[in-house]
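Written below as structure tokens is the structure these notes are about.
Note that the chains take the letters A, B and C in the order they are written out, and that residue 1 is the start of every chain.
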Amino acid sequence: MNIVVLNSMWVLIASVLVFLMHAGFAMVEVGFTQSKNAVNIIMKNFVTVSIGVLSFFFVGYGVMYGADAGGLIGTDMFALINAPIEISGITFDVFFFFQAIFAATCATIVSGAVAERTKFTAYIVFVFVATMIIYPLIGHWIWGGGFLSTQLGFMDFAGGTAVHAVGGFCAFVGAAVVGPRTGKYKKGKPKAIPGHNIPLGALGVLILWFGWFGFNPGSTLDITSPATAHAAITTLLSGSAATFSALFFSNFRYGKPDAALTLNGALAGLVGITAGANVISFYGAIIIGLISGVIMIFSVEFFDKVVKVDDPVGAISVHGVCGSFGTIAVGLFSTQAGALGLFYGGGFKLLGIQTLGVLIVGSTAIILAFITFTTLKKTMGLRVEEHEELHGLDTMEHGISAYIEI
Amino acid sequence: MNIVVLNSMWVLIASVLVFLMHAGFAMVEVGFTQSKNAVNIIMKNFVTVSIGVLSFFFVGYGVMYGADAGGLIGTDMFALINAPIEISGITFDVFFFFQAIFAATCATIVSGAVAERTKFTAYIVFVFVATMIIYPLIGHWIWGGGFLSTQLGFMDFAGGTAVHAVGGFCAFVGAAVVGPRTGKYKKGKPKAIPGHNIPLGALGVLILWFGWFGFNPGSTLDITSPATAHAAITTLLSGSAATFSALFFSNFRYGKPDAALTLNGALAGLVGITAGANVISFYGAIIIGLISGVIMIFSVEFFDKVVKVDDPVGAISVHGVCGSFGTIAVGLFSTQAGALGLFYGGGFKLLGIQTLGVLIVGSTAIILAFITFTTLKKTMGLRVEEHEELHGLDTMEHGISAYIEI
Amino acid sequence: MNIVVLNSMWVLIASVLVFLMHAGFAMVEVGFTQSKNAVNIIMKNFVTVSIGVLSFFFVGYGVMYGADAGGLIGTDMFALINAPIEISGITFDVFFFFQAIFAATCATIVSGAVAERTKFTAYIVFVFVATMIIYPLIGHWIWGGGFLSTQLGFMDFAGGTAVHAVGGFCAFVGAAVVGPRTGKYKKGKPKAIPGHNIPLGALGVLILWFGWFGFNPGSTLDITSPATAHAAITTLLSGSAATFSALFFSNFRYGKPDAALTLNGALAGLVGITAGANVISFYGAIIIGLISGVIMIFSVEFFDKVVKVDDPVGAISVHGVCGSFGTIAVGLFSTQAGALGLFYGGGFKLLGIQTLGVLIVGSTAIILAFITFTTLKKTMGLRVEEHEELHGLDTMEHGISAYIEI
């Protein structure tokens, strides 16, 4: 029995679990937004998978995993030309399959934040840019042999920064540049625009959680490693702890256990553990989860009331803030690098490296997303007309309604 | 190649399939109840996963699988302290992961039966008790080295009794103590309160069925055993047969093929085969399924009209009655213990053991659940105010509606 | 380590993925049809699984894989009597499990095309016939040792013809014989009857895509074969390319990016690659996807406006037309048989064989379906009364509504 076969089988199955996350993202975004834009949300999710996979096949994979140039960018294997037979202990085909499905998730994060007022065509262009350049470039730095991992020693196991923080920072820029939904702010005060289908959103969260068991444990690429099952448990514990803390903290702060925040709490805990799911202890995972659930709530409030960037689904806080926090927390809770098994295992040095890495990635993502979105704004236009927004993007952009009762 | 790696991989994947059952339970309960309580149902499902996992991590696992004291209870490994490296031929981490996800399903069964009138906080306390004490204690007797399996010879492969009957008996007590929904009985006659979204309920049933292929075949913990694939087929056949019999019997009895009963029929067949999925022949699985679909219908009528316990989703009948029936039926249809391969394989001795085991477990679950629910009723209160029930728990307990059309 | 164990594990997991496709089909059909018939759609999907599995167990498997008689039909192993221990390098139990779940998908395809006006009982009889005779008979010719594969050299890897084209051709006959929905044609002009829940339909498509990663890669029955991961990638690429082409072509042709056509585009690409997922190059998969997305749109128009067969979900075009196209395209794009790795790899000989095979299968399916549906029409009746259709099948056939808002 070849160990390559066994590990390839594991990663193939993990990839398929990750694929279903696209159904999870779609349902979360649909459920948390207004019914008049549901078709548009669905269309964006399909476009993200479709264009994301094709862009990554032709360009993104090469940028991310091609021959390294100066620690900055990959330079070959475009359209998989001259790809090897095996890589990282699994077959190349399985490795590419896993990576291609990952790539599309980064862009998806943005779609929720810019929902309900962004032009469909502009979003399509963004998906091309995100999956050809933004995600693969930063991914190269972290996973493709670039300077962040090889020279700095930055640790990001399954994409707390490479996928989630990058997606969250791009989401922030997109939402800021496109501007808030009409009616979101009256005299500077935010107005809640509730989602139209909480059960569908909840289904989405549970599907995402299910897929996360491919996303995190699958990222070892090695079923013989104890880190694989360890990552499954830390993912389960952190998600559970964050659901718990978001539930109780929202009840404490707002007087009622808030459904949207509790569901986002689960996601916050899953994002929070992603960067260190393999090296953080079980207790550390619970602590990271508890904290993620609470800082997500503060962050949602902060962006809503102080920064006044309108993010319909909370993507900035869930993916950007908790992804960054979780990556930095690897410096606090890693058991691999240290002795105590809980606190300061990596020492302040690792903490510094992780913080620096997040800052570098965050700045880069913000700059690249800003260039993309402002260029789109000045050329083809980023935002639908106000009357289109009020009537809903479904009838205006796609000519149908999501729901018809007959 | 280490066989432990292969079996651990199998059980890890099976666990992930079981995790999606929480999405299935959520959708079934939402679909089969009223729209005004959908957010509350969702919140209870998230709480069940979250608190269930954390309680089981800190306490429940130790009670269930810790060092046995007198055949009654486990006494160490709380918070997984001093856990071994391997157990039952797989890595400890994978074993815990599988067990933790199982644990939460038992409490979930109860949430459907007490839906639409129970206080959210009271339900939260019940989840703590169920996953720290009730389920792990009985689980210890059956799977953790306790007296039912080691001394009595009781057989429960994947939890027909340990999970489903326990959940179903607790559901019975909970529904009885909290009382029927306002308006359910007029002058002692039951009034049908139809669910608000059959397609969502159907999606839930199919997701549950999908997860059951992790639940049953995964319970061998051994991919090299022929019993694994055998359990997959018996699960498929019994679910199919019960769907068939519930469809035709509901048509025969009520004049129309009833949707809710057909969907519950599928679940009845899946529950019915769970205790013996590894040892019951293919023909036996079909017979168990056919019977499960019919006794579920009689049981729903019986609890609705005679016992007058209001169970909105039929959890008592599906999980309690069919779980008990299926466990006893192992004594009738087991091919392992006997010769014929269909009837009386285990002889009357095994039939007696199985019946006795179900009675012991049933009494225990009923007593523990009764203590829990009556204590809750007398202290914090178990039931929402009548006006809260009429307006719906969503607006009253959580401050939002599940659905908004804009 | 026994390689049989490893391959059996892989196919067992793939089968479970395929099982969830039944949830996908159910959601697609519900979402794309009217709300007044949603319960009926759900019931048909449950009946398909239930009766499909039981029929295939008792009869279908033997017809398909029993001892070959004259290259035409299998003749033993009914009810799995005298089944072997192993087959095709995996355990028999896993092989049967995979095949039984496949069998039910073929009938499901038809249920969408005849939706909203067909008698529930008539559909039940059709499922018996389809899973006992039509699918297993043709399946025997292609996969069970019959004349199409062994004598003609016809290639159909995962069922582009055996499952999808057969289902699509039966769908065509069923829809034609039962006639269009009342109100579909006014003075010969088709009227659009939009689906009632696009997000649910979209969820169904993504679940189907997820299951397709079991359907195609699982069909190698061999995890050690490079074709397994290759099939995963071609499935991903073709689905993505077809989503892309359907989106842009629908925008080009109708002025707006059409949601229903984009979602069906994804399915068209998945069906298109199924026959050759193992042997078609990555570039070939993209080309097949791009073409599938476009011909599906032309086909939907053609059947709607020219042939005037009313197919509510587009099953004829998606499964019948794209399944046939993809099977023939194996003769164009197969890399196994030829040199160039893209075009005409198999030479005109293979192209001729594939075309002939599709014609033989298509004629057979059409004849058998025609006999079945016309017999049903003349005996028990195929179509509900007009007033039942107008009120909706849910209240008339099942006595409930799918949705109730309280």
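What we mean here is this: a residue touches a chain if its C-beta (ideal position, glycine included) is under 8 Å from a C-beta of that chain, and two chains touch if they have at least 3 such contacts.
Source: prediction; values computed, not measured.
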item	value
Angle of the C-alpha superposing rotation, chain B to chain C, to the nearest 5 degrees	120
Interface numbering overlap (same over half, different under half) for chain A and chain C	different
Distance from the mean Cα position of chain C to that of chain A, given in whole angstrom	34
Residues of chain A engaged with two or more neighbouring chains	1, 6, 13, 197, 203, 403
Residues of chain B defined as touching chain C within the complex	1, 3, 6, 10, 13, 17, 34-36, 194-199, 202-203, 205-207, 209-210, 213-214, 217, 223-224, 226, 228-230, 232-233, 236-237, 239-241, 243-244, 247, 254, 256-260, 262-263, 266, 282-283, 286, 392, 403
Interfacial residue positions of chain C with respect to chain B in the complex	1-2, 5-6, 8-9, 12-13, 15-16, 19-20, 22-23, 26-27, 30, 38-39, 41-43, 45-47, 49-54, 57, 79-80, 91, 93-94, 96-97, 100-101, 120, 197, 200, 203, 397-406
